[in-house]
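Just below sit the structures, each encoded as structure tokens.
Shared between the two complexes below is subunit A, which pairs with subunit B and subunit C, respectively.
The block that comes next holds the complex of A and B.
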């Protein structure tokens, strides 16, 4: 009883602290420094409270709920934190904690340029909004807090409002998020129509009365609505623009955790509320996951804007999460609950992992941007000499996202692979091919992600500086490095304790109604994660110790071999010319060959500009440049035609808008008539 | 002392109905205002009669307020507007006189058709008067649609309100005195604002003909 009270109290204290942080920042807005301190410190405190509260639920299963009916009969402030909610609260709070530490130092470069009080206000509101989204237990209340989260994040995206591109990104985000919300509202209204309630528990308990047609419609609507927030392809177009426009600590949160609220609702609706789902739901989710993961990483490869590159990797990782979730849905629909637990655990694990390494990478990028004042990777180079710690943390993040052991990304992708392999092994031929597609896509994705981060790390930190700013860059502030160090350590720690974390996540997965009381197909013991029929085993501690041992052995061998050798430092042979930044391979050049391989998918565009010393003679080029880009196929083939269609329809509809009161009253009159006649029949 | 026979109530409702018919075909603004005043007088009389029947002081207060606002204040504002801007003749209509009468006949026939038979559950004895009140509502809306002058449209809106009040009265759907007083106050404020707006529109466009107000349109 005491535990229940304390975990709920701590949760509400967390919301209260975010509220104080929001108001405090506004009150202290006249002083940039104090507004930043208030916003960040209360955000840190609120995040710690959120962590404590969620851990209590996760470990002790002290589920709590709170319900307060407002005057309006349909709107009740209703929270329920079960294990699934607690897991997402944990992830949000964890990243919010580190992002808030980071913001203490990072926000300084906005002093005297932008309104820090407003930043602190919307930042805390955003954090509180996310926590409430994953704990809301009434559809109307959910929509209120969903909108709070969306609007707060919109204002954060346009925070640097002197940049027109940021305003455009914010505008696009605003439109897309509300299109998504429209679909979500339709889904909830359909559920309300069938169950007569907006309360999640009532909906869940009345699911037997909902017809399959309604379930299918809700699935499609929720998939589009929450998929828009999650950034699945093709409703992802807002994501690279908005995530790159926001301040870095906000980008880390948006990319690391906000998009996961869409995943949370997928699980909540599809697996916790629904019953008796058809197999094709899982197949659709798997196909979307395969496409999103593969295309996400390919688009990332074409980017030379560091934040957009990372944003595209979010699409890729959402795809990977969906591969786990999709396989879980298929297994559940095929009455293979033990395997469904494996798929869901892989999905949840990757949710946690992606949050940590993506936040780390965004913070690394933010540190670099704060020194070089550009997001263009072609203008970096050689930063490892000036920002060695940032380079190290970024490298850790890059290895984790590339699924290299011993970091956490490796384990969740491995678990996702196992889930897909089980599908290939156990399911009928009609479904096998989707799992095969998923596994192939995931394999490609892993390789391409590694290539992309070789490009990113090489272009940013290695070779020589390619701009004056890069030449004079300095290591970032202490709070920034502390935040990055925490996340870098976490990627290793989570990887190391993957086996233990998996057992916790198995309890989360089993708490979902679809998988209740299911015996997992895996076991975790002594740091090893084993699939029960000897299908596969992995031990992260063993991998870590093996790598460390191999490195130590290699170092010893080198020492022995080179013990007699003398070190000579000479200039690199440069063919008689002076080495400079222009001689290095650029990010664009690095990815060009891969883009060429996938030109059928990416539709690259190439423009060559040559300027001659003598325009008539055209023998001696003064300068030449190649601009390599890709066609935005979604914008050109989906959104622009859709926009044109809407514009044409609007032009037709506008014909009835004559600006004459008489005509408008006539419309009302005719409508009234029509309704009366309709009523008579 | 007070009237409660269905025939008398039907007669009073017929007066309200006749006033809106004449508002539709009136050429002079001042005549339309007079017709509205007469219509409002009948409505105030109905309410006054109800207050006597119920022996309710508050209802009498409502009837007096209705009388003050609709029979005295609103026509006063309209007459001032007419005198100030020399709006003796009302602006033209979209449909000519005969066509207007045809539409009015059709609307009346529609309300007396089988569509509205279910309304008899509201009041069996005043059923015909109820249908007449419904016709008055539809014809008042038609005033707003058919006439181009802003003043006529304002009278159409107020006539619609009178029709709703009489419908509520006949069907026994009257509210307590509080909401009724609130509605009367609302109408008073609306009349003042609408008159001021109409005056401003006249200054801007030199006419109260809404079809002449092209400058606010996007070209």
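The block that comes next holds the complex of A and C.
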């Protein structure tokens, strides 16, 4: 099939299928069931053809492009799928495929409550939007599809519109994403001014004429603009709110892949279009990566809303991806292209890995939410007995994201560490410290992520139930479990074949113009991934096999030593009281000690409400409640002052708004006059 | 033939000797307290006894609780076989990478903490919380203290580190001693020793490790205890053979191997003595003072790395 139909045709078939899915679910909106089936089935088939087309590009290395000029002068519908685009299309289609299988069963609990037709429409539009974002090759067209993706995801965030908090989250997302877009537009306009084109290839080829100042400006603008989508700190504030508000299969896509479109554009602009970049770009990206990864995981620890916890982990993982990307930028700017390949491969690998395990974790969370109808982890507990399969899949995801061997998360963190180590040992003193900082924050991030997922898994699935819903939970629908099983298997398989995948990713990474097909510093043979100078080696299959072998050995030895051991089932030792669900440790209690350690950064708050029997005699409390939380330092110290400033400026601007038509005509005339004068020079 | 023998020694040495050093530390501590103390072989008897007992398992516990001891023990055996013990001839072992070792040990910590939460007792849950707090803060110091050696010898393979450091001139050892100070702190935290944890009691206020394993009994308790002993010996061996790798065999042969084994036991005994002296002479820290100590470990290691890479 691959030989008869070209990969470009398959790519457009995939877009077409999403289109049919979108329209189809609107047409069938009368019946919830059929709208869901149409939306999901076409999304599944669209994702499959997306997968096929991206794989054929990656394997056959056949770049394809498509150009169609519209009547509008600057807007041309222009696609180009090279290896970098194909890699991102692969990741998006992979997660979209699993999420669409998941949605078949998951959307059922929205029946008769919300408009399923609209969900299917925006869902398919969102998927098509993401695919076009990573393949668009013209800045104006890019902005159109970027907005399509953002707006479709906005409507998905406010899908459950009967809850006030979701509307607020959606509104914040709407504002933040458009602030981001404003920066992106400025970046493209600057590039247009220097190169005279919106076409990516033309921009790329005339990069030599662009002055360093413009390049630096474009860097900063793109960093803020695309960073807002990627969720770097401090422009992350929309992310935990919006990702937790959206329906779960959409959260999985937003957290797993949508934020990666920001990473894609970082690579596209910084490493494919730009030339001759200064070292400080990479340094800035490394610092942002360190801060985002460390703070992201710390904020995740403070959460007891399961989806917000996962959303904060996305910030952490974007930080880890940026550590790889930043080191790659520094290496490239220092003219060490072989090392830059290592950094970029680590970054791409973590992009793939984070997509798989984050989608898995969101789906596990969604499966739990569909049974307990709450996102509050304090109201779960003991679910492993009622939902054993969900629990198992969630545990796999938790281990993968905590970078524990033998799963895939370990390998990409290992590779990121190596690229940071190479920075420490082979660069000059002026940048070594940043790599040291990056390695330090990555080391702490790994430990803290493990702590956070012990907390999450323990609070959700272990011990005794803490609410009636948790007591009567049942295993979720079969499509949900199939979706999770696929992803859980993928985390292990990707980990197992890590060294093979790195050799594919190396071709992707070295195909960006910056790296010019440089020979990477690593090699992979027989399942082992090693750095060519013998600095370090890791073999994921060996790790897996030795763990399995040691487990089997321990089990056999114990069986031999103690053949007739009996196991008695008894109550947990309870000091004579009856243990109930309220006595076990909670998610808040679990992480409180870490929060106390980092109180300087997190600013924990504690509010005690006591109600007395007699207000005058404060001895006998009727009820007392303690609220533990953390201060939102970004809202209080950055966004609120900014908002106040904008409001003050707006008040001044209002003075020219007189309400008199003649004055407005004068304004128009003056503007025209000023423009004409400007044109004359 | 010789290679089979030395591989067998390498694989079995840690699980075989680990209870002995637990016994030795207990004996030295007992002597400090003017007690005779149990025989240094007592931990072997304890394990043997526990392995033959029946078990009581909580009705709230899930398969995580039942499975955890196996994975914890398996991981310590794997790690024990992948670190330099007496010879540096295993360098082609792809598991003996610094980060692989650290993250494998994190895998066992992860399951131990989950098992602590699984039975739903408040005590176990708080043990897990404290364990993960200490473990997550230790990771930085642990990785960075050994990272100093990695940069000193330009390899992350533990056997190569051992071999290269043993040839270092005394002058070059200065920053390495600084890194060792960082490693020592991380080691005390990881092996649940003073001033982080008290390995000898079940007192609610102090406990981390013992709190998590309170609900275990019988053969699973034996596995957990054995794994804890393995972990102690792993860290003692890492301390002895990465930072003071003198006497380690670099060639295969009966005499060098025997001599190296002797050296290994002597060095580990000295480190055990150090731990016993520390435990007998200092008090346990308050829990929220521990992070200061752990950050000290991290900072010491950063200084060591800076000295190595900048000079």
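We adopt the following convention: the second predicted complex is superposed on the first by the 639 of 681 C-alpha atoms of A that agree within 3 Å, B and C clash if a C-alpha of one lies under 4 Å from a C-alpha of the other, contacts with A are read in each partner's own complex, and residues count from 1 in each chain.
Keep in mind that, in the parts below, contacts are C-beta pairs under 8 Å (C-beta built on N, C-alpha and C of every residue); 3 or more make two chains touch, one makes a residue touch a chain.
Predicted model, so just to flag it, every value in this text is computed and none were measured.
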Query = Touching A:666 in the superposition: subunit B (first), subunit C (second), both, neither?
reply = first
Inquiry  = With both complexes superposed on chain A, which partner does A:516 reach: first (subunit B), second (subunit C), both or neither?
reply    = neither
Request  = Quick one: classify A:641 as touching subunit B (first), subunit C (second), both or neither.
outcome  = neither
Query = What part of subunit A is in contact with subunit B in the complex they form?
reply = 659-662, 665-666, 668-669, 672, 676-677, 680
Request  = Using the touch definition up top, name the residues of subunit A that touch subunit C in the complex.
outcome  = 381-382, 384-385, 391, 395, 399, 402-405, 410, 414, 417, 421, 424-425, 429, 432, 436, 439-440, 443-444, 446-448, 450-451, 453-455, 457-459, 461-464, 528, 533-539, 542-543, 546-547, 550-551, 553-555, 558, 561-562, 565-574, 579, 581, 583-585, 589-594, 596-597
Note = The subunit C residues in contact with subunit A across the complex are 51-64, 70-71, 73-75, 77-78, 94-95, 97-100, 103-104, 106-107, 109-110, 113-114, 117-122, 125-126, 128-130, 132-133, 135-140, 143-144, 147, 150-151, 154-157, 160, 214-215, 218-219, 223, 287-288, 291, 298, 302, 305-306, 309-310
Remark   = Residue set of subunit B touching subunit A in the complex reads 94, 114-115, 138, 141-142, 144-148, 153, 210-211, 216-217
